[in-house]
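When the chains are written out, they are named A, B, C, D and E in that same order, and each has its own residue count from 1.
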Amino acid sequence: MTNYSYTLFIPLIPLAMFLLIGLTGHKFKPIVSGYAGTLGLTVAAFLSYITAIRYFFIEGAVDGTYPMIKAVSTVWLRFTDTLHIDLGVLIDPISVMMLVVITTVSLMVHLYSLGYMKGERGFARFYAFLSLFSFSMLGLVLATNIFQMYIFWELVGVSSFLLIGFYYEKPSAVAASKKAFIVTRFADLGFLIGILMLSFTTDTFDFKTLTSLDGPIITSTAGASFMGLSVITWSLIFIFIGGAGKSAMFPLHIWLPDAMEGPTPVSALIHAATMVVAGVYLVARLFPAYAIAAPDALHVVGYVGGFTSLFAAVIAITQIDIKRVLAFSTMSQIGYMMMSLGVSGYGDHEGLGYMASMFHLFTHAMFKALLFLGAGAIIHAVHSNNMTDMGGLRKYMPITHITFLIACLTIAGIPPLSGFWSKDEILAAALHHNPILFGIGFGVAGLTAFYMFRLYYNIFWGTDRHYHHTPHEAPAIMTFPLLFLAVASVFSGFLPFSHMVTSDGKPFEAHTDMLVAIPSVVIALIGITFATIMYKKPSTIPDRLAGSIKGLYKASLNKFWFDEIYLFVTKRVIFAYISRPIAWFDRHVVDATMNLVGWTVTTASNKIKGLQSGQLQQYAMVFVSSVVILVLLFVYLISK
Amino acid sequence: MDILSWFVAIPVLTVMAILFAKDLKQTRIISAIGMSAQLGLTTWLVYAYLAERAAGNAAAWLFKYDVTWFTSLNIHYTVGVDGISVAMIALTSVVIFAGVFASWRTDYLPREFFISLILLSSGVFGFFISLDLFTMFLFYEIAVIPMYLLIGIWGTGPKEYSAMKLTLMLMGGSALIMVGLLGVYFNSAPAGQQLTFNLNEIAANGIPVVAQQFFFPMLFLGFGVLGALFPFHTWSPDGHASAPTAVSMLHAGVLMKLGGYGAFRVAIYLMPEAAQDQAWIFIILTSVSVVYGAFGAVVQKDLKYINAYSSVSHCGLVLFAILMMNQTALNGAILQMISHGLMTALFFALIGMIYGRTHTRMINEMGGLMKVLPFLGVAYVIAGLASLGLPGLSGFVAEMTIFVGAYQHTDLFHRFVTIMATTSIVVTAVYILRVVGVLLFGPIRDEHHLHLTDATWWERLSTVTLITAIAAVGIFPLWLSDMINFSLRPIVERIVAAL
Amino acid sequence: MMTEGIPLEYFLIVSTLMFFIGIFGFLTRKNLITMLMSIELILNSVNINFVAFNSYLYPHQMQGQFYSLIIIAVAAAEAAVAIAIIINIYRNFRSIETDKVDEMKY
Amino acid sequence: MNNQVMFFLLSAIILIFSVLTVTTRRVLRAAVYLLFVLVATAGIYFQLQYNFLAAVQLTVYAGGIVVLIIFSILLTSHISERAPRASAAKAALSALATVAGAILVLLTVLQFNFTPARLEKVEPTVTNVGRALVSYKEYGYALPFEAISILLLAAMIGAIVVAKKESNQEKQK
Amino acid sequence: MTFQDILLMRHELLLSVLMLLILIIDLMLKGESRKSLIPVSLTLFLGVVIIGFLPASEGSIFGGMYKTNGTTLLMKNILNIATLIVFLQSAAWLKKEENNQKLAEFFILILSTLIGMNLMISSGDFLMFYIGLETATIPLAALAAYTHHQTKSAEAGIKLILSSALSSGILLYGISMIYGTTGSVYFTEVAAKWSNEPLNIMAFIFFFSGMAFKISLVPFHLWTADVYEGAPVNVTSYLSVVSKGSAAFVLMTVLYTVFPAMVEHWQTVLYVIAVLTMTIGNLFALRQKNMKRFLAFSSIAQAGFILLGIIGASQLGMTTTIFFVLTYVFTNLAAFGVVSAISNETGKENMDDYNGLYQTNPKLSLLLMLALFSLAGIPPVAGFFGKFFLFASAASQSFYWLVFIAVVNATISLYYYLLPVKAIFINKNENPIPSFKSDVYTRTGLIIAALGTLLIGLLSISYEYIASLSYGLQ
C-alpha cells in the first residue's frame, strides 16, 4: 500500500499559514500575508493533485475496489478503550475528490482575493481566516472518524462565522454571522446527539468500521426502537440534521442567504463550493450505513433534499440581490445532491445516485464558485448587490460576461457542459428510484435555467444604469480565476466519475439515458427561453406575471417568511417565554427565597426582642415558667 | 519539608513578605515573584509526576507525606497527589498567576488585597493536596472566607450585600459539609477500630449504607453550593458581579472547582451506594443547572452576570458528569473543571480590563470595541469560543468527554438527561455570540470609547498565560486526559465494585 | 419525739408552698427590697426542706443542718451586697421600683 | 397531739405571713411579716430539735438580715408610702405560673416514697455541731466554714465598694 | 491531714493569701501612690499563675469535699491565665482617676470570685459547690455595680444579684430534693444512690436551671445581656470568659460524675436547651449595636455550642469541652480586649463607632477580626478547632440533627460576626476613632490573647494534653 502520510501536510500547511499570519501578520505589509496564504495553498493544492493522480490513476483500484486508507492516525483524546477521537487522514475516493475541489476553489479564491480585497482593512486577517477555513475544511474531509469530522465541522463553522462577520463594523454582517453560527450550531447539536447515539450502539467512531459491511452498525440488529425506527435510524437522522444545517437544507436554510454579507470570495469558497456541501459529504461518508442499515433515514435525506431544491428554486426566481439568487441557487443545487443520495442504493449501478451526487458536487463547486467570483467582479465594479442597479454590463466586462454565461449554461444543464452530465445522472437515478423526486428534480431543472438567465439578462443586458463611474473589467488577478474555473466548468463533465467515485468503491459503467437527457435539456431550454423573453429587453411581462400570481410572488420574494418565523421563535418564544422568565424566576423566586431566609431570620430577631424587655421580673417570670415547663416536659411528658 | 507542603508554604511566605512591603510596587513584585515560583513549582510537579508514572510507579498517590496531628482523634496532616489533584493544582497556579497580573494596578489598600488573595490561594492548594478530610475541610474554609473581605472592600456595586450573601451561602454549604464529614468520621471504621479522617482508609473500610443515605446528600449539597448547584447558585451572579477582577477569576476559576472536586472526592468516592441511589435527584438538579444557567445568561445585560450564569451552566455540567459515575464522565468532569476554570478566569480578567477602561459592564452601553481594543477583543472572542466548545480550545475536550461519557450510561434516564444537557451548547452559542456581537462588533456606540488604549503588558501577560493554557489543553488533551484517567481507574473500580 | 404524728410530707408541703409564695412575691413585688424579702422566703423554705430531710430520713449525719447553716450565712452576704446595690440604685434612679430599672433592654 | 397543734400553728403563721409579706402594700409591714415568718421557721427548727440552727436563724436572719432590710427601707422609702400594685395581668400570669409550679412540684414530691436510712442518729447537740464544724474528716465542715468566711469578707468589701460615696467624684459633680 | 494534703489546695490558698496581701498593701498606700498597686498586684498574681503550673498530685481532702485531678488543675490554670489577661486589660481603666479610691477592691473582688470558682471546680459535694458558686457570684454583682455614677452599672448589679439569688434559690431547692432522695450531698454518694424517679429528675432540673443561669443558657439567660452591657467592660469580659468557662466546666463534671445514671435524661435536656440557646442567642445577637451587648449574645450562642461538647458524655466530650473553653477564653478575651482598649481610650462602645477603624488602628482591627473569626469558627484560628471538636463530640453520640442545627446556627452567627468586620474594613467614616497607642499592660494582654487564639488550635499538643487528662462518665 502506498504511503500517503505526506497528505498530512495538506491541512497542516494552511494551519501553519493561519498561525503565521494571525500572530505576525500585523508586523508586515498586508500584501505579504496574502502572498503567504496563497503560496501555502498552492503547495497544498499541488499536494492534493499529486494525491489524486496517484490515488486514481497510478495506484488505481485494488482488486476492483478503491481502498480506504488510513494514511495517518493518532489518538487525540481517549474516552474509553474503544471510543477515542483520533486525528488522522483518511484517503478514499470521496476524500481525494474533495481535496481537489477544496484546494482548487480555495486557491482560486486566494488569488482572486488578492485583487478583490486589495486595500481592505484587515486584509491580513482575511487571509488568516481563509487559511483557517482551508485547514478546517481539509481536516473535515480527511477525517478518519466521525468525531474528527465533528471537530472540523465545528471549526469550519467558526471560520465561516469569522468570515461572514468580516466586516464586523457592519451590523448586518454581525447579525448574519451570528445567525449562521447559531443555526448551524443548532444543527450540530443534532449531529452530536447522533454521534452519541451511534457510538453508544456501535462502540466506535471510526468511519472504516462504521461503513464496513460487517461492521457493527450494519450487522447489529439494534433492537431498541423508538416510534417505529431503530436507534441506528434515529442516530443517522440526527446526524443528517447536522448535515442539513451545514448544507442549508430546509428548514435550517435561513442562514445561507444572510451569509452573503461576507466578502464575495468567501461566499464563493465557503457558501457555494465547499463548506455547504459538507452535509452532502457527511451523508456520503456514512453512505453504506444509510443505505443498508437505515433506508428510512436515507429517505428522509432524499425528501428533504428534493423539497429544498424546489423551495429554494422558487425563491431564487424573485430575489433582487444577485448574491442571494446565487445563494438560493446553491441551496437548490445542494438539495439536488441530497436528493440524489436519497435515491441511491448501495453498490454497483444501484449506487448511481451516490455517484451522481458526488459528480454534481464536483461540477457544482466549479461553476458555482465561478458564478460567485463573477458576481464578485460585478459587485466590485458596480458597488451594489442589487440587479436593479445593473444592466448592460456585457460591454464593460467582457471576460466576466463570457465566463458568467458559461457558468449559467452549465448550471442550466446544457450539454456538453459539466452541469449537464452530473444533473443528468441525478435525474436518471431519481427516475429509477422515486418518480416523485424525479418530478421535482425535473421541474427544478427548468426553474434553475429560468432564474439563472433572469439573473444573467438583468446584469448583462437590459438598460444601462447610471453608474457613478464607468464599470470596468476586473484586474487580471481576478479574471484569471474566472477563466480557470470556466475551463473547469466546461470540461469537468468529462471526468469518468463512475469509474472513480462510487458507493462501494467499485467502478461501474454509467450510461447517458436519453430518456432523461433529452427532456431535461428541453426543459432547460424552455426556462432559458422564458427568461430571454422576459428579461433580455425591458418588458412588462415580469410585472404582469407577478401581479397575476401575487400571493405566490410575495411569498417567494419574502422567502416564505421563514426569517420572520425564526425571528418569532427566537425573540418571542426563546427570549420572551424562556430566557426572560428564567432570569425573572432566578431573581424573584430562587434568589428571593434565599433572601427570604435572611429576611425571616432578621424579622424573627426583631419579633422576639420583647423577650428581652429589660424588666427584671419578666426575666424571672421566664426563668420560673421555663423551670416549670421543663419539669412538666421531662418528668411527665418525655419520661422513659 | 516535603514537596507538596511547599504549595501551601509558598503563598504563606509570600504573604509574610508582603507584610514588609512598603507600597503597591513592592507588593506586586513580591506577589509576582511568589506566584511565579508557585507556577514553577507546579511545572516541576507535573513533570515529576509524569516522570514517576512513566517510571512505572503505579501507587494511587504520589509524594505522600504524613504527620500525625491530633493523635487522639486520629487526625493527620496527610498530603499526596494523584493525576486529578495535579491537574487541579496546575489550574490553580495558572489562574492565581494570571490573577496577580490582572490586579497589577490595585491602588486601594494593595497590601491587604494581595495578602487576602494569596492567602486564599494557599487554602485552595491545601485543599487539593489534602488526603485527610479534616485538613481538607480546614483548607476549604480558609479558601472561602477571605472572599468576604476581597469582595466587600475592593468590590463594586452592591458589594456588601453580595459579599455577605456569597459568604453566608458558601458557609452554609460548608456547614452541611461539616455535618457530613463528622458523619463520615464516626462511620469510618467498624466498631472497635480506630476512626479515621483519611480518605483512603475510609474508602477501604467502607461506610455503612444506612449512614451513607443520610450523609451523602449533605456532603453533595454542601459541596454543590460552591459548585453552583441549582437552586443554591444565586450567590454566584451577585458575588461575581461585585467582586474585583482577580477575585472573580479566582473564585469562578478555582474556588467553584472545590465544590466539584469535593463532591467527587468525598461524596461520591466514599459513598457510592448512596450516590447511586440518590443520583437521580441531583442529576435532575444539575441538568436544570446546565440548561437554566445557559438560558438565564441569554438575557443578562451585565457582562459579569452573563458570565456568572454561564458558570452556573458549566459548573452544573461538572456536577452532572460526576453523578454519572463512570470513568469517561468523571474524566470529563475533571477536564471541565480545568477548562471552565481557565476560560472563566480569562473571561473575568477581560471583563475587568474592559470595565477598567469603559467604566461600565452593561453590554448595551458599549459596542464596536474590537476596533479600539483589538487585543482584548480577540482575547474575548477566544474566550467566548472556548466557552461555546470550539475544538482546539479546552471547552470542547471537556464537554465532549462529558457527553460521550454520560451517554455511555446504560440507564435510559441518564442518556435522556444527557441529551437535555447537550442542548446547552446551542444556548451557550447564543449568549456568547450575543455578547461578542454587541460588545465587540458593530459601530462604536460611545464616543469616549474611541480613545481607549489597548492592553498593557501585564494585562497581556495575564491574558496570554490563560489563553496558552486553554489552547494547550484544547489542542493536546491526551496527556492531561490520560493522567486523570490513570488516577480515576482505581476510583471507578471501587465505585463499580460497590454497586 | 416532738415530731410524732407529723409526717415528713407536711413539712415538705409547707416548704414548697413557702417557696412558691416567695417566687410569687419575686415576680410581682415592685419594690426591689420586697423582692429581696421574697428571696429570703425562698431560702427559708429550702432550709426547712434540708432540716426536715435530715431529721426524718438521714439523722445519722448533720448534712442538712449544716447546709441550712451555710445557706443562712450566704443569704446574709447576699442581702448585704444586694442592699448596697439597692441603695446605689436609689442614688442613681431616685427610686427602687423594679419597673424603672430597665435602661438596658432588647 | 401537742406536736401537731404546734406544727399546724407554726405552719399557719409561716404561710399566712409569707402571703402577707408578698402582698402587703406597705414595705415596712412586709419586713415585719417576714420577721414573723423567720421566727416561726425558727420555731419549727426548735420542734425538730435543731436548737443551734434555730438560734442561728433567730440571730442572723431575724436579728441581722431583717434589721438590715428595715434600715434600707427606711433609707429608701417613706413609712407611709404604699407600694404600687403589680398590674393585674402580671399578677395573674405570675399566679398562674406559681400555682402551676406548686401543684407540679407537690405532686412530684408527694408521690415519692421517702425511706428513712435506718442508721444510728447523731443528736444535733451543740457539742456535736461544734465538733463537726471544725472537723476536716468526712462529714466535717471545716472547709465550708473557712470558705464561707472568704465569701463574707468579699461580700463585705463588695458592699462597701458599691455603697461608699466617691469622695472626689461626687464632689466634682 | 498533712502539709502535702494542704498543698493540693494551693490555688485557693495562694489566691486567698494574695487577696489579703493586697488588702494590707492597700491600707499602706495613700493618694496617687495607690496606682502602684496595679503593677504590684499584677506581679504578685503573675507569680501565682506561674506557681499554679508547677506539677501537682491528685487527691481528695476534707473527707472528699475537696478533690483535685488533672482536669481541675488545668481548668484552674486556664482561669488563672484568663484572669491575668483580664487584669492586664483592666490596667488602663483602673488608672483612671475615678477608680483610684477602689483599686484594691477591684483586685480583691475578682480574686475572691476566682477562689469561689476554684472551690466550685474542686468541690466534692453540693455544699462546697454551693459556696463556691455563691462566692463566684455575689462579689461579681458588686463588680458589675462598680461604676457608681453610671446608672447602667447599678442596674447591671441589681439585675445580677437578684436574678442570681432567685436562681440559686431554685438550685438550692433542687439540691434539697437531691439530698432528700439520696440521703447525701456528697457527689459520690449521690451518684451511687441515684434513681430516675420523677422527683429525682425534677430535682435535677431545678439544679440544672441554676447552673444554666450561670452559663446563661436560654431561657435562663435574660440577665446576661443587660449585665454585660451595664458592667464595666473588663468586668464583662471576666464574666463572659472566666465565670462562664468555669461554670460550664463544673456543669460538665457534675453531669459526668454525679448524674451518669441519668445520662439519657440529661442528654435530652441538653439537646433542647442547646437548640434554644444557639438559636435565641443568635437571633438576638443579629440586631445588637452595642459591642458589649453584641458579645453578650454571642457568648450566649457560644454557650449553646458548649453543650454540644458536654452532651458527648464521654472522654471525647470532656476533652472537647475543656478545649473549647480554652479556645473561647483566648478568643473572647481578644475580642473584649479590643473593645475594652477602645472603650477605655474613647468611651465608644457602639458598632457604628468602629466604622473605618482599620484606617486608623490596623492592629486592633486585625486582632478584632481574628477574634471574631475565631468565634465564628473560621480556620485556622482556634475557634475553628474548638467548634469542630465540639460538634464531633455531639456527633459521636449520633446527635446529627443537633449538629445540623448547630452548624446552621454557626452560619447565622457568621453573619453577625461579619458585621463588625464590615464596619471596620468596609464602612466609610468621616470621623473614625483616632489612632492611639494602648499602654503596655493592655498590649501585653492583647498579645497573649492573640497568640492563644492563633496557636491553640494549630498546636495539637494542647488538645492532646487535655485528652490525656479527661475522663468520661463515672
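Heads up, the rule we're going with is that contacts are C-beta pairs under 8 Å (C-beta built on N, C-alpha and C of every residue); 3 or more make two chains touch, one makes a residue touch a chain.
What you see is a predicted model, and the numbers here were worked out from it, not measured in a lab.
Common neighbours of chain C and chain E, by the contact definition above: A, D.
Ranking every chain by how far its Cα centroid lies from the centroid of chain D, the top place goes to A.
Chain-level centrality, scored on Cα centres against the all-protein Cα centre, points to B.
Each chain's centre was taken as the mean of its CA atoms, and the one lying most distant from chain E is A. Inter-chain contacts peak for the pair C-D. A straight line joining the Cα centres of chain B and chain C is 65 Å long. One inter-chain figure worth recording: chain C and chain D are separated by 5 Å, centre to centre, where each centre is the mean of the chain's CA atoms.
For the pair chain A and chain E, the distance between mean C-alpha positions equals 77 Å. As a whole-number value, the distance joining the C-alpha centres of chain D and chain E reads 30 Å.
In chain C, the residues that reach two or more other chains under the touch definition are 12, 19, 22-23, 26-28, 35-36, 54, 57-58, 61, 63, 66, 70, 74, 77-78, 81, 84-86, 88, 101-106. Multi-chain contact residues of chain D (touching two or more other chains) are listed as 90, 94, 97-98, 101, 105, 108-109, 114, 117, 139, 141, 144, 148, 151, 154-155, 158-160, 162.
For chain B, residues touching at least two other chains, in rising order: 168. Pairwise chain contacts present here: A-B, A-C, A-D, A-E, B-E, C-D, C-E, D-E [touch as defined]. Of all residues in chain E, only 126-127, 130-131, 134, 138-139, 141-142, 145, 148-152, 154-159, 161-162, 165-166, 169-170, 172-173, 175-177, 179-180, 183-185, 225-226, 229-230, 287, 293 touch chain C in the complex they form.
Listed in rising order, the residues of chain A touching chain E in the complex are 598, 601-602, 604-606, 608-609, 611-612, 614, 616, 618-620, 622-624, 626-627, 630-631, 633-636, 638-640. Residues of chain E touching chain A in their complex: 158-159, 162-163, 166-167, 170, 196, 198, 201-202, 205-206, 209, 213, 219-220, 222-223, 225-226, 264-265, 268-269, 272, 280, 283-284, 286-287, 412, 415.
Considering their complex, residues 1, 3-4, 6-7, 11, 14-15, 18-19, 21-23, 27, 30-31, 34, 37-38, 41, 44-45, 47-50, 52-53, 56-57, 60-61, 64-65, 68-69, 72-73, 75-77, 83-86, 90-91, 94-95, 97-99, 101-102, 105-106, 109-110, 114-117, 119-122, 124, 128-129, 132-133, 139, 141, 144, 148, 151-152, 154-156, 158-160, 162-163 of chain D touch chain C.
Across the complex, chain B is touched by residues 75-80, 83, 85, 147, 150-152, 154-155, 158, 161, 165, 168-171, 174-175, 177-178, 181-182, 185-186, 188-189, 192-193, 196-197, 199-200, 574-575, 578-580, 582-583, 586, 590-591, 593-595, 598 of chain A.
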